[in-house]
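What follows is a structure written as C-alpha cells; I'll ask about it next.
Per-chain numbering from 1; labels A, B, C and D assigned in written order.
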Amino acid sequence: MNIMFIGDVVGRPGRKIIKEVLPELKCKYSVDFVIANAENAAGGNGITKKIAEELFSYGIDFLTMGNHVWDNKEIFDFIEEELRMVRPANYPPGTPGRGSQIIELDGTVKIGILNISGRVFMPDLDCPFRTADRELEKLKKLTNIIVVDFHAEATSEKQALGWYLDGRVSLVAGTHTHVQTADERILPKGTAYITDVGMTGAYDGILGIEREPVIRKFLTQMPTRFEVAKGTSQLNAIVVEIDVETGLAMKIQRLIIK
Amino acid sequence: MNIMFIGDVVGRPGRKIIKEVLPELKCKYSVDFVIANAENAAGGNGITKKIAEELFSYGIDFLTMGNHVWDNKEIFDFIEEELRMVRPANYPPGTPGRGSQIIELDGTVKIGILNISGRVFMPDLDCPFRTADRELEKLKKLTNIIVVDFHAEATSEKQALGWYLDGRVSLVAGTHTHVQTADERILPKGTAYITDVGMTGAYDGILGIEREPVIRKFLTQMPTRFEVAKGTSQLNAIVVEIDVETGLAMKIQRLIIK
Amino acid sequence: MNIMFIGDVVGRPGRKIIKEVLPELKCKYSVDFVIANAENAAGGNGITKKIAEELFSYGIDFLTMGNHVWDNKEIFDFIEEELRMVRPANYPPGTPGRGSQIIELDGTVKIGILNISGRVFMPDLDCPFRTADRELEKLKKLTNIIVVDFHAEATSEKQALGWYLDGRVSLVAGTHTHVQTADERILPKGTAYITDVGMTGAYDGILGIEREPVIRKFLTQMPTRFEVAKGTSQLNAIVVEIDVETGLAMKIQRLIIK
Amino acid sequence: MNIMFIGDVVGRPGRKIIKEVLPELKCKYSVDFVIANAENAAGGNGITKKIAEELFSYGIDFLTMGNHVWDNKEIFDFIEEELRMVRPANYPPGTPGRGSQIIELDGTVKIGILNISGRVFMPDLDCPFRTADRELEKLKKLTNIIVVDFHAEATSEKQALGWYLDGRVSLVAGTHTHVQTADERILPKGTAYITDVGMTGAYDGILGIEREPVIRKFLTQMPTRFEVAKGTSQLNAIVVEIDVETGLAMKIQRLIIK
C-alpha cells in the first residue's frame, strides 16, 4: 500500500494547495492513506475543528501535531472526540487527546499512527525513545503498519530515533523544521526514513511566515507579530510504499509541488 | 563560473570520498573553485594543519569552519598564517584567524568567502545579520562574487539570512545540521540559497558519527564518547553557477554522491 | 551617599508595599537615591507611563528594566521621553529608549545608571561585557558613581561581570531571578556586588506569580495563563553606601521587608 | 532533630573548610545528621571513592549529586555499593546508583534522602514533579523525615517544587547555582525551603572556580580550561530543625562561614 505524508501545513496557503493538487497526486501515486502534520494549519498556530474538517474534505485521512498543538484553544473542544488526530505521545499522562491511534482501512488493513516530540531544543516532555517503546508495545499487537511522525528540531535526535526504530515501524517521518531534507532512505531493516518532510504553505515566506517580521525579529530581538505569508504555495510530502504483511517499507519518494 | 561547496566533512570517511570523487566531479561540473566546510575534518572535531593540507591536495581550494572550529588545539598553530580558511566572523574582535577572505583566482576573478555562525541554539556570538552587513561592506569593495557559509541550526534563522542577503551575495550556503535540505533555489534578486548543504562522511552513521553511542546518549543522558562512523561514505555538495560580472547566481544544483 | 536598589517589582502587590514602606526606609537608611527594577511592574509584564508615574510618586527616582521591557506595548509611547528609565544597553543600535543615563542629583552629584542583560539562557543580545566597556567609557567621563543593573539568569555570568567591573563602578546589582541572594559583598577594588536583589511583590506566590498555574505548567507542559499572586507582600532591596569622590562602595546591606 | 545540609562542595578548598569547621558547627547547632552536595568535590568535577571517604571522615553522613555526577569516571567503581550517596532520581531506569535512600540513624530514626534534577536549562531527564511523587510513595511508607536536594537552575522550577511538596517532606533544599539565596522559610504546611544552599569552596573564585578563565570564556566564547580557585574558603549550609514524629520542619537557618 502507499501512504502519503504531508509536511507541516501552514495556514490558508497550505490548505489551498492541498485542495488544488491532492486529488491528482493521490491518483498519480496510487495513494491509499494520507497523513498531514497540521500543527500550523489554523493561521500558522494550531488547529480548529472547522479547519480539521476542511483538511479531511480535501482527502486527508489523518492529522498529526507538534509543539504548536495547543496554540488555538478551540482544539480542546474536539480533541477528545476526534479519532483521526494524534498529538505528541510524550506529553504526560492525563493530557487531552491521544498520542497514537489505530485506523482501520477498508475493514481490513490497520494503520497505527504515532506522534512523538523531540526534546532537544524543544519543550520538556518525556523521553521520546522510551515513549516510542511503550507505544509500540501496544500498537504492534494490532498491526505491523506503523507511521511515526517525529516532530523534532535536532537532526541528531531525528536520525537516532529513525535508526532506533528501524525494522519496528514502517516509517519515521520527521517534521517541525519546515524544510524538506534530501536524506530519504530505506534503513537496512526496512523502515523508511526522512529527517524532515518539509512545509506545505507559502513558498516565498520564511517557513511559511511573512518574511519581513521574521527578519526584523532577528535584527531587533524585540517581540514581533508574525503572519502567514501570501503568494505562491508549495506542497512538501513523501509517498512510502509499504508491504502490508510485514509493515516494512519498499520505497520512499519525496515530493515538492509548486 | 562554477563554485562547488561541500557540506561538513566528517573525519576519514569524509576525506576519503573527497579524494576518490572530487577530481571527476570538478571535471563533470566544470568547477572553478571548491569550498568545503571542514569543522569536523579531524576525527570529527576541528582541523589540523596536516588535514587541511590533505584536503587542499585533493582539490579543495578553501575551507570554512563552524562551532567546532577550536576543538583541535592544533588550529592555533596555523590559523593566522593559513589564508585559505575562515572561521565564523561573528566571534569577538581579537579572535584568532579571519571571518572573511578574498581569494584571487587566475589573477583576474576575486572571490569573497564569508563564514558566519547562527545564534539560535548556538554559542553566544555577535549578531549574524549585522556581522554580515559589516563584512559585506568590506568585501563588496573588492568583488561581487561572494559566498556565505551560514553555519546555523534553526531553519528560520538560515532562511532569514538568505532573504536578508538576497541580491547582495552570490550564495548563502547553510551548514551544521549534517543533513542536506531539498530547498535549493535562486532567490528573486539573484542569490543562490540552500538551508543545508549536508554532510560528507560515513553514510550509515548518525550525522557521520557511530550510531550506537549517539542512541545510548539519548537513552541514558549520560556522558558518552563519540567516534567517527565507519563504512560507506557519501559526499553532499552543491554546484552554483555565478555570473562573474554581477556576482549573481544563475543555477544551483544539489549533489549526493555515494 | 546612600543608594537603594529595589528588586523586580511585580504587579500591584509590589507597588503597594513600596508605597507603604519606602518613605520610612529612605529615612531609616538615609537614602539619597532610589532605583527599582520595574520590568514586571504592570501586572507582571512590562510597564506603562501611568505605573511609572505611580512608582515615581512613591519616592522611586529611577527605573531599570529587563527581558520583559517590551511586554506592555504602552512603553513605546513614553520610553523616548522618559529620562528616568533605562532598558538593557546591549539591545542593538536603533532600539527605542536608552541603555544608560546620567542623573544629576541636587545639581552637584552625578549618578550613572547602566542596564545590561545577560546572554546565558536569555535573549540573543550583544556581549554584556563589551557593552559594559563601551558604556562605561562614556559614563566615566561624567561621573565615578555608577550603578549597573545586570539582568541575568546564570550565576556564573553575573559573578563574572561583577569581578570584571570591580573598581570601575560603584555597584553591580543582579536582577531577574526574583530571589534575593545572600552573597552581597564589597569586591576587593571597591565595587559592591550582589548576584540578585530579589523580588518585590506577593510573598506567597512563585516569583510573585500565582502558584497553581505555575505548578500546573510544569506538570502538564501546556500553555498556561499566569496572574500576579495576591496576599502579603515583601520588598527586597539593597542599600549601598558610596564614597562620592571615588565612586567606590563602602557598605552593602540587604533588606527583606515583609 | 537537626539536619545540616551543605551546599555544593567545590574541590580542595571546599573540603578543607569542612574539615576545619564542621566538628564545631555540629556541636554548636546540635546537628544529628549532615548531608552535602558533592557533585563538584573532586577538583570541581564529580567525585571519587577516595574523596567520598574523605568527606565522610570529616563528619558528613550522606552525599547528594547533580548534573556533574558522572564527570569523574571513578564514580562507576563504587556508586552501586555506596549506600550513603544518591544521584538525581529522574535519570532513566537502569542508571547506575540510586535516586533515593533511607538511612537509619541510631537504630531508631529513619531519614529519607531524595535527589532530583531540574529540567529547565538542564539535561533532559524525567519530569521532576512526577519523579518526586513516585519516589515519595516509596519513602513515605518508611519515614516522614525526608530531605529533597533539588539540583536545578531556574528559580521558578525550584519554588514550584518546594510548594508542590509542601507538607509532604521535611526539606526542599535547592542546589546547583553555587550562590546561597536569602529566601529560606518554613512553607505553610511545614516544609522547610530554600532556593539554593550555596557553595562551599573558594570565596574569591567565580562559583568556586578560578576567575580569569571564566571571564575570558565570556569575552572570547572560546573553549577554556577551568580550575578550582585558590585562597580563602567559605562554607554555605543550612540547619533545619525537624519534628521527628511528623517529619515537619520547625526552623530553618542559613549559615555562611568564612
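In this text, contacts are C-beta pairs under 8 Å (C-beta built on N, C-alpha and C of every residue); 3 or more make two chains touch, one makes a residue touch a chain.
As the structure is a computational prediction, the values presented were derived from the model and not from experiment.
J.: Looking at B-C and A-B, which one has the bigger number of contacting C-beta pairs?
T.: Most C-beta pairs in contact, of the two: A-B.
J.: Could you classify the subunit B-subunit D contact as same or different, where same means more than half of all interface residue numbers appear on both copies?
T.: same
J.: Based only on mean CA positions, could you tell me how far subunit B sits from subunit C in angstrom?
T.: Chain centroid spacing, subunit B to subunit C, equals 43 Å.
J.: Taking the mean of the CA coordinates per chain, how far is subunit A from subunit B in Å?
T.: 30
J.: Pull out every residue in subunit D that's touching 2 or more other chains.
T.: Touching at least two other chains: 92, 124, 127, 130, 219.
J.: Quick one: which bits of subunit C touch subunit B in the complex? Just the residue numbers, please.
T.: Interface residues on subunit C, with respect to subunit B: 92, 119-120, 124, 126-127, 130.
J.: What part of subunit A is in contact with subunit B in the complex they form?
T.: 121, 127-130, 153-157, 159-161, 163-164, 177-183, 188, 195-196, 198, 204, 206-207, 211, 214-215, 218-219, 254, 256
J.: Touching residues of subunit C toward subunit A in the complex: what are they?
T.: Those residues of subunit C that touch subunit A are 70-71, 91-92, 94-95, 123-125, 219-223.
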